[in-house]
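Residue numbering begins at 1 within each chain, and the chains themselves are lettered A, B and C in the order written.
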Amino acid sequence: MSQSAVPSFPRHLLDFSDWNRGQVESILETAQMMQEVLARPVKKVPALTGFTVATVFFEPSTRTRLSFELAARRMSADVLSFATATSSTTKGETYRDTLRTLEQMGIDAYVIRVDAAGVCHQAYGWLHKPVINAGDGWRAHPTQALLDAFTLRERLGSLEGKKIAIVGDILHSRVARSNAELLTMLGAQVVACGPATLLPGSLPGATLTTSLKEALLEADAVMALRLQKERMDKGLLPSLPEYIAAYQITQERLAWARPLAPLLHPGPMNRDVELEGTLADSPQSLVERQVANGQAIRMAVLYHLLVGKRS
Amino acid sequence: MSQSAVPSFPRHLLDFSDWNRGQVESILETAQMMQEVLARPVKKVPALTGFTVATVFFEPSTRTRLSFELAARRMSADVLSFATATSSTTKGETYRDTLRTLEQMGIDAYVIRVDAAGVCHQAYGWLHKPVINAGDGWRAHPTQALLDAFTLRERLGSLEGKKIAIVGDILHSRVARSNAELLTMLGAQVVACGPATLLPGSLPGATLTTSLKEALLEADAVMALRLQKERMDKGLLPSLPEYIAAYQITQERLAWARPLAPLLHPGPMNRDVELEGTLADSPQSLVERQVANGQAIRMAVLYHLLVGKRS
Amino acid sequence: MSQSAVPSFPRHLLDFSDWNRGQVESILETAQMMQEVLARPVKKVPALTGFTVATVFFEPSTRTRLSFELAARRMSADVLSFATATSSTTKGETYRDTLRTLEQMGIDAYVIRVDAAGVCHQAYGWLHKPVINAGDGWRAHPTQALLDAFTLRERLGSLEGKKIAIVGDILHSRVARSNAELLTMLGAQVVACGPATLLPGSLPGATLTTSLKEALLEADAVMALRLQKERMDKGLLPSLPEYIAAYQITQERLAWARPLAPLLHPGPMNRDVELEGTLADSPQSLVERQVANGQAIRMAVLYHLLVGKRS
C-alpha cells in the first residue's frame, strides 16, 4: 500500500503498518473512556445511531464476532451479521462480489474475519468504508493486540523497556504477529518462544527462542497462545505430552518471571495444555480482564474509524 | 444451595425450590400487565433500555430462544444470541469458561438451555448476574410451567383443588417436573400419566398412574407432552402404534374429563401422535394461547430479575 | 383467491395477480423517497418503531434475508429471524404450525421464503398479518421484480414499449415469472430466452425464443438469470460449455442490443457463466445498483403493507 493512498489517520485497521504510535495512543485513550461507559448500569451511548456495522465472518469465531457486535450495539449502531463457512480455496472474486453486495446495502463499516491472509488488504480496494481486520489467516489480529496492550498497561503502567514473553505456536499465530508489532511500537521488548518447528524464520520486532526459561526469565508479563489441536492432528505440531512437558506455563515456571508477572491468553483456553488449569483462575491471570477490555477497545476502534476526526 | 446464599426474592429462576407462592404470584401479576402491552399496536416499552440479555443455548431450541429474545427486545433490551452445538459430554469446565467469558462482556442476564441437568445450578456460582433456566436436561423448565399456569388460570380461574392431568413421557420431561412443582404450589392436584416405562419412581407433588382413563376422569385440564421420537428410535419408548393406541388424547377420551376441559401442549406438536390432529385446532385447545402467554411470562420474569425490587 | 377476499389495496405481496398498476406505482414512488433516506449519513427513520417483522426462511438465502432485515431495521422495526433447513417434503401442516406459533408471538409482518410453491398463498389463510413472498419455488419473487423495474426505470425512464430480454433458465426461474408479470404490467415487451429444455410452455405476458440473437436484437435492456449448478449436476441443464457457447452474455453479443443497453442480474453471479466476468464491472452493468435499490424497494413494501393506507 503506497504511502500516498493512506490518510495520516488511517481509514482501516488491517494491521499496524499504517498506524503510528500517536494514533494507537488515541485508540487506547478512547478505550479508557469507553470503560467508564461500560461501568455504568446503562452501558449504552448514542454515538453510532443510524450507522450499520457488518460483521463478515468467512471463518467461524463466535467470541470475536459477539464482542464486536456487542460493542457496536452499545454505541447504538445496527449490526448486520454475515457468516459463511466457505473453504479457504474460495476465489478472491467471490469475496469481492460478496463484499461489494454488502456495500450496496449501505454498510458503514466492515469487521472481517477470513482464513485467507490478504483478503482484508484487498477489501481495502473494493470497499469505500472502513475495514477492521478481525483476524486473517496467520497474519494479523490487531484488535486482539490492542486489547492485550491495554490490559498490560492497566497492570504494568508504561510498557517502555518491559519484557513480554509470548509462548506457543508462534509460526501460525496472528495474535503473536500483531502483538510483536504493537508491543514493540509501545516500547516493549518481545521474546517469542516455542518449539523449533513452531517458530517462524523471524518475527519483526521480536527475539525468538526455543528455551522457555530464557523467554520467561525476568519477564514482566507472559502471554500463552492457543494451541490449535486441529494442526496437531495433522502432525504439524509436536505431540501434546511433549508440548506440555516443555512449554506449558506452570506455577513453577511462571516463577522464573518477575514476581506477580501477569499471565495473558487470547482464549479460548485449552486448560492444562497451554497453561496449568488452576493458573487461569489465579490473581496473576488477566484472561477475563482481556475479554472485558476487548469491549472497550472495539468500541474505541469503531468510534474512531466511523466518526473520529482524521488528522 | 444454602438458604443464606439466596435472597428472599431470588436472583435466579432455576426451578421453583427457592421460590414461594407470593413470589410466583408477583410474576403472574406482572405478566398480566405485560399482556396489556402486547395488546397495543406498538408492543414495546423502555423498561430494559441499556440492558443486555444473553440467550445461551447449548442445545438447540428455536421457539424458546426466539420467545425469550423477542420478550427482551420488547422491553428495549439488547440481545446477545449465543448458540452452540456441543455434545452432552462437554466438560463442565468448558461451560464455565464460556459463561465467564460472556460475563466479562457485560451481560446483565443469562437465559440458559443446556442438555446437562445441573449446569444452570452451577452457573449460579460462576456468574454474578441473574440466570434463567430455559430447560436443563430432564430437570426443569420453569418459564414453561409459569406460562402453563398463567394459561390455565385465564381459563379456569383459581387452580385451588383443580385436577390437572399430564400425559406422555413423564420420565424424561422437564415440563412435567416443573409443572408438578408449580401447579401443586398453586393448589392444584396433578396426575401424571404414561406407560410404566416412561414414569419416574415418583414425581414430587403429583400422583402417578398408567391408566389414561384414571388420569383424565373429571380432570379440569389436560396437558399432553411432546414425545421425543429420537428416544423411541433408541428403543426407550414403546412403539408409536402402541403409544397412540393407549395414550393419544382423542376427542373420545377427552370426554372423560370435565366438559370443555382445556387441552395444553408445550409444542412443537407431533399431530396425530400425542393428540388427535384436529383436537389441536378445536376450541378446547389452548396450544396457541400458551405461545402468546409465553411472551408475557418471559417479559415478566426478565423484568423482575433485572429491575424488580427484591424483598 | 376469490376477488372478494382481497381488499382493493392488497394486504399481502405474494405475486402481482392481486395488484394493479396504480398500486405498483405507489410502491415505486415510496421507494424513491426511501432512496433519499438511504442517501443520508443517518439511514434510519422511526416509521416502524414497535413493529416486529419476522423473516421466515425455509430455504437458505443470506442476501435476500439480510436485505429485508436491514430494510426493516432502518425503519426501526424489530426483526425476528427464523431460518430452518427443512426438506421440500415437509408437510404443509408443519409450515402452518410454525407460522401460527410465530403469529402467537405477536409478529406484525412475515417475509417468507420457501422452496414449495404455494405455501405463501396458503399462509395467507393461516395468518392475520401481511405476508411478503421472498421467493417460493419457481413461482414468484415479487420484490426482486419490483427492484428490477425500479432499476430499469432509473436508467431508461418509462418502460412503455421498451424491449426487455431475460436470458437463462426461464423454466425454473421465479425471477423470470415475476418480472414477466410486472414489466408487462408497466408497458414493457418481455422476451424470454434460453435453451429449449429450459423454456416453459408459456410465460404469461412474454414472448419465448431459443435464439439469443432474436432476444437481444434492439433490446433496451438485458437481464441474465442465475444458473443453478445443482440442477445441471442432475442432468436437468445442458452442459456448462454448451450453455456458455450459446447463451452467455458477452460484450460481443450485448452489442446486438441498443447502444449502452443496461445489463441486470439478480445475483449472486456465476462470473463467466451467465455473463462474461468483465461485463459485470462495466458501466452497462446495473448489478450493484439492483442490490442498492433492493433496500429502497423492501423498505417501501414493508411500509405500505404495515402502515400504508389501503384504498
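Quick note on the criterion: a contact is a pair of C-beta atoms (placed from the backbone, for glycine too) under 8 Å apart; a residue touches a chain by one contact, two chains touch by 3 or more.
Keep in mind the model is a prediction, meaning the values are calculated, not measured.
**Q** Write the angle of the rotation needed to overlay subunit B on subunit C, where the fit uses Cα atoms and the result is rounded to the nearest 5°.
**A** Between subunit B and subunit C, the superposition angle is 120 degrees.
**Q** Looking only at residue numbers at the subunit A/subunit C interface, is the share used by both copies over half or under half? Answer same or different.
**A** different
**Q** Approximately how many whole Å separate the CA-defined centres of subunit A and subunit C?
**A** From the centre of subunit A to the centre of subunit C is 41 Å.
**Q** Subunit C: which residues touch two or more other chains?
**A** Answer for subunit C, listing residues that touch two or more other chains: there are none.
**Q** For subunit A, which residues count as touching subunit C in their complex?
**A** Residue positions touching the partner: 49-52, 78, 80, 82, 84, 93, 97-98, 100-106.
**Q** So in the complex, the part of subunit C that touches subunit A is made up of which residues?
**A** Residue positions touching the partner: 38, 41-44, 62-63, 66-67, 69-70, 73-74, 267-269, 271, 277, 288-289, 291-292, 294-295.
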